[in-house]
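Chains here go by letter, A, B and C, matching the order in which they are written, and residues are numbered from 1 within each.
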Amino acid sequence: MRQAFHTLELRTRGRGIYPVTDEVASWLAREHADAGLLTLLIQHTSASLLIQENADPTVRSDLERFFARLVRDGDPMFEHDAEGPDDMPSHVRAALTQTHLAIPVREGRMTLGTWQGIYVYEHRTSGHRRRVALHYLGE
Amino acid sequence: MRQAFHTLELRTRGRGIYPVTDEVASWLAREHADAGLLTLLIQHTSASLLIQENADPTVRSDLERFFARLVRDGDPMFEHDAEGPDDMPSHVRAALTQTHLAIPVREGRMTLGTWQGIYVYEHRTSGHRRRVALHYLGE
Amino acid sequence: MRQAFHTLELRTRGRGIYPVTDEVASWLAREHADAGLLTLLIQHTSASLLIQENADPTVRSDLERFFARLVRDGDPMFEHDAEGPDDMPSHVRAALTQTHLAIPVREGRMTLGTWQGIYVYEHRTSGHRRRVALHYLGE
């Protein structure tokens, strides 16, 4: 049993859902990860992680539209707005989605379903540099 | 330290919350899992996983009623409706709940609280065959 | 590779978001956890776990205000109210946030971002004794 650590870095171009499945799979291949457990942790509270449909891009735009309506930018209820009208909504969206994911790895592949992909969900309207800690424990 | 993998399959009868605690516990018993970490990953994006109250079934019907109101089937905001009015709402519900769970195992038992059970949440109105990847890492 | 288990207990003073980062870090230090995976599981269905902003306390009060509006206490839609108007809303809030968290540990520290803290989110209006199962697997 062994471990490996990595930090995946990406620069977002503002609010939206960014695929990272291929980068994660490449890292696992470089580490010769055959059977074990993969954990991802996004090191931010205004961006989050999602496993979602990887085929039709309207799933991602619909999801964003849903969250934009559920958590309104500039809602006067929010006190925390030092970084703008999208500041607190970003924290709420992150609380409603995932900060970490765990994915078993079997026969050298993540055990995702056919239609599943891994995404970083940027909640801020402007682009940010985002870091995701990766951890593998297995054989 | 050792690992075990399994795929739990179930056929749902449409939208609703289905208990799987006993099947998961049986698998752990068959594997003689004594102390370690259990991970569950549902391999779909229109069904999800939940740890919820296992005593009063109205908790599950109330939860469903809440989600039905929060994410309306056939909402004209959604573009992605190839599989019907419940298609995109299913993806949103999945994003708001869990695609994976991790549960420590201690002295041969999952460390769930007395009132906690593990559930598969089917979000589609018609029944589907669902697969949950199980992974155990421990002693 | 080795494992350690612990149960973190805290008594809440009613609805609100309680920091536990320091207690979790202390336990990891006592266990000389150097590199591995930490899992937390809250053993209740009316309280949950969150990784959130650790700097400005208005993030937590805004988050609570958002959830209070999204899931109304005493909503007549809810049947399950044996323990009062906050009973079912607590289960819904728990379903919308996290029952478990997984955090890689590297060089003796949790791989949290600078602004991230770990919180127990009490959803009941009165105080409760809450238990969080901790599990460490690593070196």
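The criterion applied here is as follows: a residue touches a chain if its C-beta (ideal position, glycine included) is under 8 Å from a C-beta of that chain, and two chains touch if they have at least 3 such contacts.
Nothing here was measured: the structure is a model prediction, and the numbers come from that model.
K.L.:
If you walk touching chains, what's the least steps from subunit B to subunit C?
P.N.:
Between subunit B and subunit C, the shortest chain-hopping route counts 1.
K.L.:
For the sequence-identical pair subunit A and subunit B, what is the superposition rotation angle on Cα atoms, to the nearest 5 degrees?
P.N.:
The rotation relating subunit A to subunit B comes to 120 degrees.
K.L.:
In terms of residue numbering, is the interface formed by subunit A and subunit C classified as same (over half shared) or different (under half shared)?
P.N.:
Both copies, subunit A as well as subunit C, present different residues to each other, with under half of the numbers appearing on both sides.
K.L.:
State, to the nearest whole Å, the distance from the C-alpha centre of subunit A to the C-alpha centre of subunit C.
P.N.:
Comparing mean C-alpha positions, subunit C is 20 Å from subunit A.
K.L.:
Of all residues in subunit A, which are in touch with two or more distinct other chains?
P.N.:
Counting only residues that touch two or more other chains, subunit A contributes 1, 37, 70, 96, 98, 102, 137.
K.L.:
So in the complex, which bits of subunit B are touching subunit C?
P.N.:
Answer in residue numbers: 1, 35-37, 50-53, 56, 58-59, 61-63, 65-66, 69-70, 96-98, 101-104, 106, 111-116, 137-139.
K.L.:
Any idea which subunit A residues touch subunit C in the complex?
P.N.:
These residues of subunit A touch subunit C: 1, 3, 5, 37, 39, 41-45, 70-71, 77-80, 82, 88, 91-92, 94-96, 98-100, 102, 131, 133-135, 137.
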